[in-house]
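Naming follows writing order (A, B, C, D and E), and every chain is counted from residue 1.
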């Protein structure tokens, strides 16, 4: 019986960075053999200790970083064998919202230009059309169109974050990796964006890979959670299972450390 | 040494001691008298060495030097020179006829490529130098050569004991470079090498064995040292002279002379305008036989240039007075011919000074078939007359003169364009490619004697600028000049020579193969208190009597 | 390896360039009425100027191998010994001047970057503009005039007349004293442009958020400028610094000529104009070496000042 | 706010200078080549309102001057007659935008001369030469700057962006270009040009060569900046959505080099204008009698001129506001 | 005794381009007592960062304080000289920036950037500062501080950078820390460690904290008082249990309602996403004349469109700015 092939299959992925502090310092092993599968239309949350390699994995998947070894199959194609022009079509299909999105915005460009940039790169629409679409996207993430001419440094942290999200959404990728995309956003905006993502998934069958520390939010957004620890995926499973029956000590530690959030005594009526 | 034949100077008795500082425009390239060509090298070598017969720079006549006396055979082909006895080189080695024979052997040796060699070829054959005895030398010439004794000037006598080996091994041209240790050098000049700092200075010290004494019988030179500093720009030379860091200055431009002259008293220096020198600047047209295919434009224009009336008209249109005033601040003399008023012995005084006459110029052009249309000069075929003048870009005076010429000729309806070129590029066009229309240049006679001008005026001469490599004189007057120049060469009677040379000058003034412009004055300066300072219009203007220069007690320095 | 190739390229192309330019060394002799054409030809033949280009280049290479660096027509001797003592003097002058210029320009430009608008800004703008509007030669002559009028500094040369007799300490002082004017000329010539570059890049860096962060931590303003903004602004300055090493030799040509500094300047200038070609090649090769060194240094510094630059990969 | 004022002022100044250069024929009272051989180094003529008798004139006037002694720059005013300044006077013919003209903005009656900025060694009006000279000099400066920065930018960007082999090749050629004695090429080019080519054109051709040969410095500077620029995370991000190299360079890399280029441009323009000072010494400048700021300044290199005739500094002084304006402009553009 | 930090009527405008000035902080007053943790909560873009920057006098050129006073230990910060302010910053009041990637100098190693803060305020030897920096890095949860010390910012993970920035802020043991989302990109265990560290410092040194965070859990655990901001104004203030348990202002309520709740395996996904506050946050350049929340408010009253409500002090010590409670 032939099951539908997964959208992404990662096997034995490692990434080593040259060490710091002295000539002989050992190399930093950011990824120590990752195996991961993402099925179409699923949401996977990647959770783990700070510095465990989540962002590195995300960057490798988006082909923005060259892994040291291992394989990445995307939709049946060996991604790591592709280079230059042949990679371009895949770039469109995989989008990454970088952690620290503030540095990922060109400080010289204006908000609307930033959002319409992917459209421009992919040659979608004319200038007018692109701008219209950019303003639309800005509105969907809660940025008024009046700010189209602002430069990133004239926005608040959360507004920059939303700009980065809007930009990634402009492409309509197959796989969207959101590296701490919700950090720094207030609950209302988080909810707004979450439902936007959900909506897109429903309409276009997107696959999401979330990287986040917000376990509660991840519990809400993801079907599955993978826990990373020191460059490895130490535990992976359905959200409910992980939350109710964590197996790896690190998972347990993570869950235990979540401060209990106050719930309003009487939820105000809508 | 009392037994020696010392030469007694007739000039003021001075005081021994002191140091004289002189700035050189560029670094001397060598101290080898056989190969030296550049002026700074010659300036230095001249103080280190001596010649057999010397031209007194002030009287412009020959005077005995290492040769006590000389005799000429009646046919003018044999010279016998009697050398001074008991002289020593600066290293103490005695001097005799062998050194003389050796020296001339070096100059004549083709391997050495000495610039003096060509002068020592008379009638196509090298001069034969024979030692008669230890203190007598004979020179045999292939044909008579007027004033041949002048040839001995600047042919420095070399120490055989130091250079013979190098000469035999064919290494003479490499000998006596700047880096040579002083101990390996010796000469008969008033000074000898003391030290050399590359790019900076060259110090000479007094030669204790020098062969001149003053009227009081005390040995010359007076000065302990001469220091040659390298100061590569004229402006810096002026500034340093003004600052009191150098004692003598020569080759001053008129403009700088004017500026310096303002502070003469306060600056404790004295400037002298020696009047016209031997330099003559001139405009000439390209009359070379050209390959009409390659240089079609120029050769077309040659039909104008070769017209004597055209050249006369151009000459008549020039405002030489204006040039003398604007370019040389009045310290220059308009020339009618190539011999300058500085050359008192040979100048043809009967030639009228050049006068500007635009109407005369127009007449001549009209007679030669030129006409004007809308103020523009046209030739017979209706072509507008225009040409370019090339000149040396780094020589401001030349460029200025060219600019004045351009303006003057505009009044005549000629369109002239000045093209200043870097010197080598200019020379390449004049001597090699012949790709030019007119050029503005200057020559300086090395000597007052017409012989030094031979190669400029005879039509086959290598410096016959306007028409190089002429196989036969192109015009009757050129033929005549050729004949005159050759005759004066073999004529021994000075009066007759003068008559012949006067005629040459008249022919030049009439036919203008080159259009003489200006002779700038020789301008020099010296620190207050320098005794026996007797600058001359012949090179080296101020240093030629270095052996007699001394510091008066009043001099505030050193 | 790169270096050798580069040297070969530079020398060969220089040969070609000279070939293109009109005239050769012996052309000037033609002006001397006493010298015949035959003599000039003989001289040209002696120095091989009548040979085809490849042969001349081969000869030059052979002489390079012997360490002579070719043969000067004017001096009639190998180029090497002519070059070394002067090169030393030139380097003394130019290295001092470059070091001083940078030492001056970096703090000044950095400080200037913080004074946008205001009297200091206006004064510096005007001053640099004025210095840039002066032809170098005029600047040098002006300084020389100043020296003459005031008598404060020697007007030329590298040592005083009695230098040889001085004790060691006095000699050093003497040379330093003579350095003042030429170094001042060079520094005034280089600094305006340098200061501008420093100012422009530091001003750029001062707008970065991390500068505000540094201020927020109470880092002293000086340190904010020099340890935060300047390193971030260093990139073009480092490249410029690498290039400034290369420019060392040519930089001082004029100053040396006018201030009679016994360096390569007068020699080089004369050699260029006289087409004394092997002598020209000497300094050209020397500056190629400096260039290589400077650029290597700049590349290393570049990687050091900006760790984000990756040298391998991609 | 004040950045805008600065930009406007700079633009206005630049426009004024360039317009003055264009309209030189009309603005200048004399032809730049007109010599007055009796007036070498005549000092600037003061515009007067009060005459020798103490009478005030509404219309400014000048006195004629005569030389005192030989050429020394000493002049005496002839106070017997005042020459009022007249406007829109006919004079030497000129061409403006291809049209012939002969009316000048101002002038005085012969035989007096109105030398507002004095005269040079040929008695030519400095002001007229300055105005006419601006045409060539400003254009040449801009042309060379654009060329060298253009080529330098292109090669530097390519070199820094692609790195490795490309970088090595380009940087080695840059070193080659920096090391070669280009003066010889200039000599050769001058030698190849026909002699009768107009001086300005010959000079511009040489400037073209200089500009083309001079790419190595800007290239190295640009390359350094590009090396950093290409590692910025927003470049990474743009790569992430499939941006081509060309796009990255255009959109993200080259704006980062803009500041550097602008600084360079502001410095290079005067540098190229002044380069002519040296070039003219070698016969590679604009040749007599055509004026340019470079060859006018070249006069200043003579000690006697430098020390005696202060008005010969005029082109240098004229250059200052031009430099300032270019500065201000580059500043305004880079802080845009 | 005055509070450690007293902000009164602070108003900050941004003037960008030629448009109307944007009101980022509007007549805002707050106190932070010695040793107190004050949580600041508010919509993205409501002016929290601006407030913190204004307190330390670090606003960009385009911003300026229109009025108000900022007193720290009784001293007016707005009139301090540059040197005095410099001595204060980092030593007595320090700040943790929201985006650590922007706050660290990219071309310098991070260790020295921490040590330098110590050096700026202590006359210690270079070596001692370095050791202090290393121990500070260890305190913020690095197991191998030496490696981090020698790393450049781009070689660190987002969380690691954030910890470095925290280490900088703690380096001189200030009396007050203005923390702008200090733990946004840290995993829960590290967050817990840091909370413990802050708690310890607070009890040991009396550290006061003005903590901006969207993480209500963290605020609930740490804060003594919580302030809610909307469009540059304080709209509600009170104890964490008061504000979180029984929010008064409609904005606070909406915010709490938007909080995700713990996973509910049974429910369908669509239902699980909580409802955001409808409408968009107002443009600070065009604030409505009345209450800024009015356009989005479910319980709007007639006066809401006319004038901004005044602060009302309620019996239980809470403050609220809404016509519902007086205004």
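What we mean here is this: a contact is a pair of C-beta atoms (placed from the backbone, for glycine too) under 8 Å apart; a residue touches a chain by one contact, two chains touch by 3 or more.
Quick caveat: nothing in here was measured; it's all calculated off a predicted structure.
Trainee: Quick check on the contact graph: shortest path length from subunit A to subunit D, in steps?
Mentor: Each step joins two touching chains, and the minimum needed here is 1.
Trainee: Find me the chain with the mean Cα position closest to the mean of all the protein Cα atoms on display.
Mentor: C
Trainee: Max contacts between which two chains?
Mentor: Per-pair contact counts point to A-E as the maximum.
Trainee: Please compute the C-alpha centroid of subunit C, do the same for subunit D, then give the distance between them in whole Å.
Mentor: 25
Trainee: In whole angstrom, how far does the Cα centroid of subunit B sit from the Cα centroid of subunit C?
Mentor: About 37 Å, centre to centre.
Trainee: Round to the nearest whole Å and give the separation of the Cα centres of subunit A and subunit C.
Mentor: About 53 Å separates the centre of subunit A from that of subunit C.
Trainee: Would you pick out the residues of subunit D that each touch at least 2 other chains?
Mentor: Each of 187, 191, 232, 282, 301, 303, 307 in subunit D touches at least two other chains.
Trainee: So which stretches of subunit A touch two or more other chains?
Mentor: Each of 100, 103, 153 in subunit A touches at least two other chains.
Trainee: Considering subunit C alone, which of its residues make contact with at least two other chains?
Mentor: Residues 21-22, 141, 145, 209, 273, 306, 308 of subunit C touch two or more partner chains.
Trainee: Of all residues in subunit B, which touch subunit D in the complex?
Mentor: 234-235, 238-239, 253, 255-256, 258-259, 297, 319, 322, 325-326, 329-330, 386, 388, 390, 392-394, 396, 399-400, 402-404, 406-407, 417-422, 424-426, 428, 435-437
Trainee: Quick check on the complex: what are the subunit D residues that touch subunit A?
Mentor: Residues 232-234, 236-244, 247, 251-252, 255-256.
Trainee: Which of the residues in subunit E end up touching subunit C in this complex?
Mentor: Residues of subunit E touching subunit C: 56, 58, 60, 82, 86-91, 94-95, 97, 99, 102-108, 116-117, 120-121, 152, 154-155, 165, 168-169.
Trainee: Using the touch definition from the top, list the residues of subunit C that touch subunit E in their complex.
Mentor: Listed in rising order, the residues are 208-210, 212-221, 223, 227-228, 231-232, 234, 305-308.
Trainee: Give the list of subunit E residues in touch with subunit A in this complex.
Mentor: 14, 16-17, 41-45, 48-50, 60, 62, 98-102, 141, 146-147, 149-151, 155-163, 180-181, 184-192, 195, 214-218, 220-221, 240-241, 244-247, 253-263, 265, 269-270, 272-277, 280-281, 283, 285-286, 298
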